[in-house]
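Below are the C-alpha cells for one structure; questions will follow.
Chains here go by letter, A, B, C and D, matching the order in which they are written, and residues are numbered from 1 within each.
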Amino acid sequence: MIFKEEKVFKDPVHKYIYVQDQLIWDLINTKEFQRLRRIRQLGTSFFTFHGAEHSRFSHSLGVYEITRKIISGFERAAYEDWPASERLLSLCAALLHDVGHGPFSHSIEKVFKVMHEDWSCRIILGDTEVNEVLRRVSPDFPQKVANVICKTYEKPIVVGLVSSQLDADRMDYLLRDAFFTGVNYGTFDIDRILRVVRPYQGKIVVKESGMHAVEDYLTSRYQMYWQVYFHPVTRSSEIILRKIFLRARDLHQQGYSFGFFLHPLDDLLANTLTVEDYLRLDESFIQTTFMQWTMEKDPILADLCRRFLERKLFKYVTLDQVDEEAVNELKSLLDSLGADSTYYVEMDFPTDQPYDVYQPGGSKEKTTPIYLLTEKQELVEISHVSEIVRSISGVHKGKVQLFYPADLLAKHRAAVTPSVAKLLGS
Amino acid sequence: MIFKEEKVFKDPVHKYIYVQDQLIWDLINTKEFQRLRRIRQLGTSFFTFHGAEHSRFSHSLGVYEITRKIISGFERAAYEDWPASERLLSLCAALLHDVGHGPFSHSIEKVFKVMHEDWSCRIILGDTEVNEVLRRVSPDFPQKVANVICKTYEKPIVVGLVSSQLDADRMDYLLRDAFFTGVNYGTFDIDRILRVVRPYQGKIVVKESGMHAVEDYLTSRYQMYWQVYFHPVTRSSEIILRKIFLRARDLHQQGYSFGFFLHPLDDLLANTLTVEDYLRLDESFIQTTFMQWTMEKDPILADLCRRFLERKLFKYVTLDQVDEEAVNELKSLLDSLGADSTYYVEMDFPTDQPYDVYQPGGSKEKTTPIYLLTEKQELVEISHVSEIVRSISGVHKGKVQLFYPADLLAKHRAAVTPSVAKLLGS
Amino acid sequence: MIFKEEKVFKDPVHKYIYVQDQLIWDLINTKEFQRLRRIRQLGTSFFTFHGAEHSRFSHSLGVYEITRKIISGFERAAYEDWPASERLLSLCAALLHDVGHGPFSHSIEKVFKVMHEDWSCRIILGDTEVNEVLRRVSPDFPQKVANVICKTYEKPIVVGLVSSQLDADRMDYLLRDAFFTGVNYGTFDIDRILRVVRPYQGKIVVKESGMHAVEDYLTSRYQMYWQVYFHPVTRSSEIILRKIFLRARDLHQQGYSFGFFLHPLDDLLANTLTVEDYLRLDESFIQTTFMQWTMEKDPILADLCRRFLERKLFKYVTLDQVDEEAVNELKSLLDSLGADSTYYVEMDFPTDQPYDVYQPGGSKEKTTPIYLLTEKQELVEISHVSEIVRSISGVHKGKVQLFYPADLLAKHRAAVTPSVAKLLGS
Amino acid sequence: MIFKEEKVFKDPVHKYIYVQDQLIWDLINTKEFQRLRRIRQLGTSFFTFHGAEHSRFSHSLGVYEITRKIISGFERAAYEDWPASERLLSLCAALLHDVGHGPFSHSIEKVFKVMHEDWSCRIILGDTEVNEVLRRVSPDFPQKVANVICKTYEKPIVVGLVSSQLDADRMDYLLRDAFFTGVNYGTFDIDRILRVVRPYQGKIVVKESGMHAVEDYLTSRYQMYWQVYFHPVTRSSEIILRKIFLRARDLHQQGYSFGFFLHPLDDLLANTLTVEDYLRLDESFIQTTFMQWTMEKDPILADLCRRFLERKLFKYVTLDQVDEEAVNELKSLLDSLGADSTYYVEMDFPTDQPYDVYQPGGSKEKTTPIYLLTEKQELVEISHVSEIVRSISGVHKGKVQLFYPADLLAKHRAAVTPSVAKLLGS
C-alpha cells in the first residue's frame, strides 16, 4: 500500500525522511527496529566527540532515505538496467541491514566472535515483528531481504545499493557521523553523487563526469578514518570495554559469584544467546550492568567498570618500534601493583582494523569496487584514472599504540624503571 | 592555574569549546559531571525527533562556552561594570548548573516533586568529586557556586549570566536543540547577540541597536516551544513515563513484590534518596528497569513499560471544549477493558507548562526581563518598544489535549459508545 | 519538448536548479535574460553588505526553481484544484517576471516614474528574442505570460504562484538576500513551506498545521526589512543615486553640454526610451557614465558621482521629531557652501516605503493575503489566528532620517549654527 | 590608533570582519580600495556559476580578516618566533595585496603582459589615497608594504603570511569561491587550520597533529581547480575575452576608426597606462565598451562582443591527441565563412595554466612549501609524510581542448568536411 500523502521524519542530516509505503512504516514501528534507538551508531566515540550520541535508529532511517532517493532517480529516468520490481525489497534491506547490531557492537563482536549481519538475518527470519511484517508481502520475502543483506541475493545490483564501496550505508554514516561529531571533514556533495550514479549491467556505476565527486567522497572517508574512527581516545575506551568483558568471562568461567548478574548475561558470556535474548540487550543494559559492577568485590572488574563510566581511560603512547623487553617490564610492574597486565595493557595495531577507505578490487576483496562509465560506454575502475584515489587505496600501515593506566603509575613513580619510563616517553 | 595552551572539545554547535583553566578541566573530569553523558537533554523528545539524542553533558559544556565568550568580550572591552574577579565563579556555575539533573527530569520531577536545582546544590555541597575540586579554590567556593545556581548570590550580574531571560543556558539549548532535532526554527544569530550584550549597573543588558537580534532570539524561542517542546508526541511519551512511575509507586505502597527491583528504586519511590544514591540514577538504569518490568506479572506496569520501550504511545485528540460526561464514559470503558483509567487517560493543558517565551517582568515573575540600553544610557524593558516581543509575551492559552490508548479501543470497536466516538473524532 | 536528462545550474541557495523543458532553456539563453546578469538584485545594498553583489539573473532562476518545485509537488499529489495545463505558463512567468528590471531599479523608478513590471511586459510582447521563443508555443502565449506578470490573467491561482504574499518571488529573494548579505535572519524552512502549500479553490493556501512555518517566514521577512532593506547606509547611497539623476536631468533641461553623454541617456532623462534602448541600459552603463561624470565641469554632478563611486556617502541622523526651522537653517548653510541643498539634503520617511511585511487584506490592498486551510476545509486568513503575524502586519511608522554631507560641514565647523548642531546631534 | 570599540563588516564567509585600527579603516575607505568593488574575484566564472559575482573587495577584506585572526592567535600564545612589531605591516599587506587587480585580470594580463602585483606596488607607491594613508605611519611604510607584496621584504615570515602555499590569500579565496559558486568541495576546516599554525624560525609552520587538516585544505584546492577554476565554460568565455582584446589591438594598430573609443582604451591597447588611468579601468568600463562595440562596423569585433555579453560562447571538444591536419582544415573552413580563425579557434592546454595545487619545493619553485613541526621540533615538508598530498603535487597533464563556434558550423553543415566532423566528434 502506497500512502496518499507521504509521512515524514524530521532528520538533521537529510532534512526530511519520506515514507511512502505502509510496509516501511510498519517495519519502523516494530519493537526490533525501535530497539536501535538504544544502540549508539558510533559505540564509545562519544567519549572523544561528545556530540556523537546518535543511534543506529537514525542511521538506519538515513540509509533507507538515500536508497529511496537513488531508486526514485532511476525511476524518473526510466533506466532499463534498473529492475523496477526490486524497489520494495531494496528499501527493506536498506532499512533493516543494521537491525542485528548489538550494544557496542565492534567491541563485543571482537570478544564474542559474533557478526551483526548474521544477527540481522536471524532477526529477519526469526519469530519477530519484523518477520511478521515482511511476510505480509509474500512468504519468501523475509528470506529475500536476508539474502540481500548477506550478499547472496541473485541480483547483484540490489546488493550493491546497500553494500558496495559507494553504497547508501557508507554515504549516510559519513554524513551523519560528520554532522554529530562536528568534524566537517566528512561532508561531501551527496546531491552531486545522486545525480551521477546509474544502473548499468547489473552494477551501480558512476558517470565519468562525476569522478571528482567520488574522489571527494573517498577523501572524506579517508579523513573520517583518521580524525574519528581511529581516534586513540576512542580506541582506549574500546579497549577498556573489551577488557571488562574478558574479565567478566574469565570470572564467570572460574565460577565467581557476581553481586549483580542479570539474564541474558550468562548466555552472552557463554555465547549461547537466542534471538529473543539478543533483542533484550541494549546499551542501557550494558551500562547498568557496569554501574552495578563498580560495587563488585573483584577489584579488577570494579575498577575497569568505574574507568568506563567515569571516563578514566588508559593513556596511550605511540611507538615507532616496539621494545619487547620494556613492554614486558611494564607488564611485570603492573602485575606487581595488582593491576593484572592481561587487563591493563594493550598493544594496538591500527592495521588490524578493517581499514578500507577504498579497495580497488581483485581476487581477495569481497566488496565491489567503484566503476566509472565513460562516454563510450566503457567501465573503468576508478583507481585506474584517479591518482588521488590510488594514493588512499589499499592497506596503510599505521603506528603501534600502547595503552596503559598512567594514573596508576603516577601513584607509584618510584617503582617505574628507566626503560619503562623511556618506553612511555616520560 | 591557566593552561599555557588551551584545551579544546570539538562541538558541533559552537565548533570548539575552549578550556583555559585547570579547575574547569578537573570539574569536567569528575564522575558527577561525566554522569551527565547518560542523561538526555530533551528527555523523551527523541521519540518525536530521532536526532534529539544529545546529552546534558554537551549542553553543559555549551553553556560554559557561551559564558566564557561573554566574559571574554567584557574583559576585552574592559567594562567597568563587570566585576572581573567573578570570572571563575561564573564559569563554574555555568558548567555545573545542570549537574543535578536526573534521568527524564521533567517527568520525574513532576511525580516526585524534586527540583534539579536543589540536587545541583546538594551535589556541589556534598561529599563529591565536584565539591573536592571546587574547595581547592577556597573553602567557601562551593557555597558561592551553589548560591549563583540558586539565585541567592549577592551580585545579581553573575546570577543573570546563568539565569535570566537572555542567559547562556537558554542560548545554548535553543541552538543545540535546533541542531539536533533538525528544526532550524531555533537558530538565531548568537555572534550578533554576543556583540551587543553589556554589563551595566548590575545587569546584563543589550545595546539598543541589538533589539532586532533579541527579537529574533525570542521568536526562535517561541517557535521551538510550539515545534519541539510542546509537541504532542513528546507529551504522550512523557505521560506514559509518569504513569509508569505512578503505577510503580502505587504497587510499591501496596506491598507488591516486584520481579525486578534494584536499589535505589525503593528510595526513589519513597522520595528518600541520598546524594550518593541519586548519582547512581541515570537513563540507562531507568530503561533497564523498564525492560525488566515488561516481564512483571502486573499487567498494567508491564504494558506501560512495553509501550514506552517499543514506542506504542497514546494517541491524542485536541479538544476545543471538554465534554466531561464523554470523558467519564471513556474512562469507564477503559476500566471495563482492564485498562485502569488512572493510568490510561490523561488530559493535558499546555498552559500548565512553564511557558515562558518571555515575561516582561512585574511583581510575581522571578526571572529578570531583558533591558535595552539606549544611546542616552537609559534602560528600557524590551516589550515596551517591540511589538513583536509583546505579541509573544505572557501566558498563552493552548488547547486541551486528551491522550488515550487508541490501539486498545480499535480492538474493541463495538464497545465504543457514540459520545466517546464523537469525543475522539472518530 | 521535455529533456530526456534534465539540465542543471549549480546554485548556492537551492543547491541545483533543474531545467526540464527546451523552452525554459531557450528563454534563459536569450540576450534579454542574460542581460539580468548585469543588474544587481539589491541595487546599492552592496555598499552596506559587501556580499550583496548577486544579480537579478540568479534571483530569476531561483524564482523559477521554487515555482517548479511547488508545481511538481502539486502534480505528485494530483490535486484536483491545480490546473495541470498551466505548468509551462507558470514557469515562464516565474522566470521572466523581473526581465524588465533596469539598473538600480528602485532609485530610477522613483525619479523617472517607470515600473519594471511594465517593462517586463513590453519586453515580452516586443520585438525580442524572449518574444520569439515564447511564440513558438502559440501566438497568444507571450500575451498570456504578460497577463500573469501584470496580474490580469484569468486564473488567479497562476498569478498567486508568482505574485502573492507567499509567492516564489518573495521566498527566493528572502533566502537569497540572506545568503549573500550574510544576515541569516532571513532564512526560513522552505522545505517545510513547500510541504504545506496546497492549491484550493483558485488560491494557493497553507495547511493549518503549517501555520508556524508561515509565521517563521513572515518574521524572517520582518527582520530582513529592518536589518537589510531599510538599512540607512543603503538609503544614503540610494539618495545619492537619485540626486545624480535629478542633477543630470536638471542640467539636461537647462541645455548643459555634457563632457560625456552616451545614447540612450538622452531618452532616459527625457523618459522616452524604446524597448531596444532600454535593453542597452545596465549597471555597467550607469557606473561608467558616473565614472566619466566625475570629470564633468559641473561641480555638483562631478561631486555626487565621486561620492557614489568612492562610497563617500551622506551621513544620517535619526529624528524623533522634525525641527523645520533647523532643517531650513541647514539647507541655507549648505547652499551658502556651494552644496545646493536640493541635491545635498534629504529627509527620509521609512513609511513612504512599500513596507509590506504582511497585509491581512481588505478593500485597498492588491496582494492576496495568506489563508490557512483548516481540517474542516475552511479558509482562515492567518492574522486572525496568529498573534505574532498580527503584530507585524499593516503599516508601521518608522522614524524620520535626515541625510546630509557631514564631511563638508566638518570642513566648515565655524559656520555651523547652534540649532543646526543640535539638529545633527553634534 | 586602536578603536575603543571595534568596527565590523558583515561577511557571509567569516560572519564578521573586525577592524580594530583607524589605519585599516582609512585604507578601506580610499577610492583605490573601493574600486575593487567593481572587479569580480573570479573574472568570467559567473558565466559558468551564476553565483560567482563576488568582488575582489570582499576577498581582500577576507584575506585581511584571516591574517588578523592568525596574528591574534600568535599574540595570545605569545610565541617568541613571531615579531610582534610586524602586526600592522602584515595587516596592510594582506588588505592591499590585490589592490592592483584590473578588470578580468587573468585574461588581460595574458594579452598585455602586465602583472597585478606590479600594479599593486605602483598604486601603493604612487600618488594615491592609499599611499597617503600609509605614509601617516612613516615615510618608508608604503615601501615596506610594497616589499611584502613583492616578496622582497626582509622578514620571510611576514611574506609567508600573505604569500605561501598556506597563506591567508588562498584560504580566503577557496572558502569564498566555494561559498559563492555553491561548489562545496572547496570548504575546509579553517578553524582547525588556525589552531595548528605556528611561527617557527622565520616560517609559518603547522603542528604535526594538524597534518590531516592541511591534507583536507589541499584536496579542497585540488577539487576547486578541476570543478571551478579550469571549467571549460569559463575557459571559453576567457578565450572570447582575449580574442576581443586581440582584435581591438589589431584594429587599433591598423588605424581602424572605432565608433566608440574612450580614453584610456588607447593606453591600454598600447600598453602605456599611467596609475591614474589604470585606476579608471574597471569591469563596468570593459562591459560598457563591449556593449558599444556590438554596434561597430567591424563584424568580427561586433560579433565577439555580442557573444560575450549574450553568452553565446564557443563550444569545446576534448582531444586525446591533436590531428593537426584536421585542425587546419577547420581553420580554413572558418576563414572561408568569414570567421577569421585567428579569432575563432583556440587550442587550450590546461597545463599551460599556473596549476599549483601544491608544489613541494625545490630549486625552481618560488613559493614556500608547507612544513610540519614534529613533536621533536623538527621540520618536515608535508609531501614527505602524506601520500595524498604527494598524489596531487607537481604538474598534472590535462587534456587538450579545442574551442570553436559550433553555432556557425551548424548553419553551414554542408561545408563541414568529414575529417573536421570527426575532429569535433559530430
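For this structure, a couple of remarks:
Methods note: contacts are C-beta pairs under 8 Å (C-beta built on N, C-alpha and C of every residue); 3 or more make two chains touch, one makes a residue touch a chain.
For clarity, every value in this text was computed on a predicted model and none was experimentally measured.
Two chain pairs, B-C and A-C, are compared here, and B-C has more C-beta pairs in contact (counted per touch definition above). Taking the mean Cα position of each chain as its centre, B sits at the greatest distance from chain D. Each chain gets one centre point, the mean of its Cα atoms, and the points for chain B and chain C are 44 Å apart. Look at where the CA atoms of chain A average out and do the same for chain C: the two points lie 51 Å apart.
Of all residues in chain C, those that touch two or more other chains are 15. Residues of chain A that touch chain C in their complex: 4-5, 8, 15-16, 77, 191, 195.
Chain C makes touch with chain D in their complex at residues 9-13, 15, 29, 31, 34-35, 37-38, 46, 49-51, 53-55, 57-58, 61, 179-183, 262, 280, 282-285, 287-288, 291-292, 306, 309-311.
Of all residues in chain A, only 183-185, 187, 189, 212, 215-216, 219, 222-223, 226-227, 387-388, 390-392, 396 touch chain D in the complex they form.
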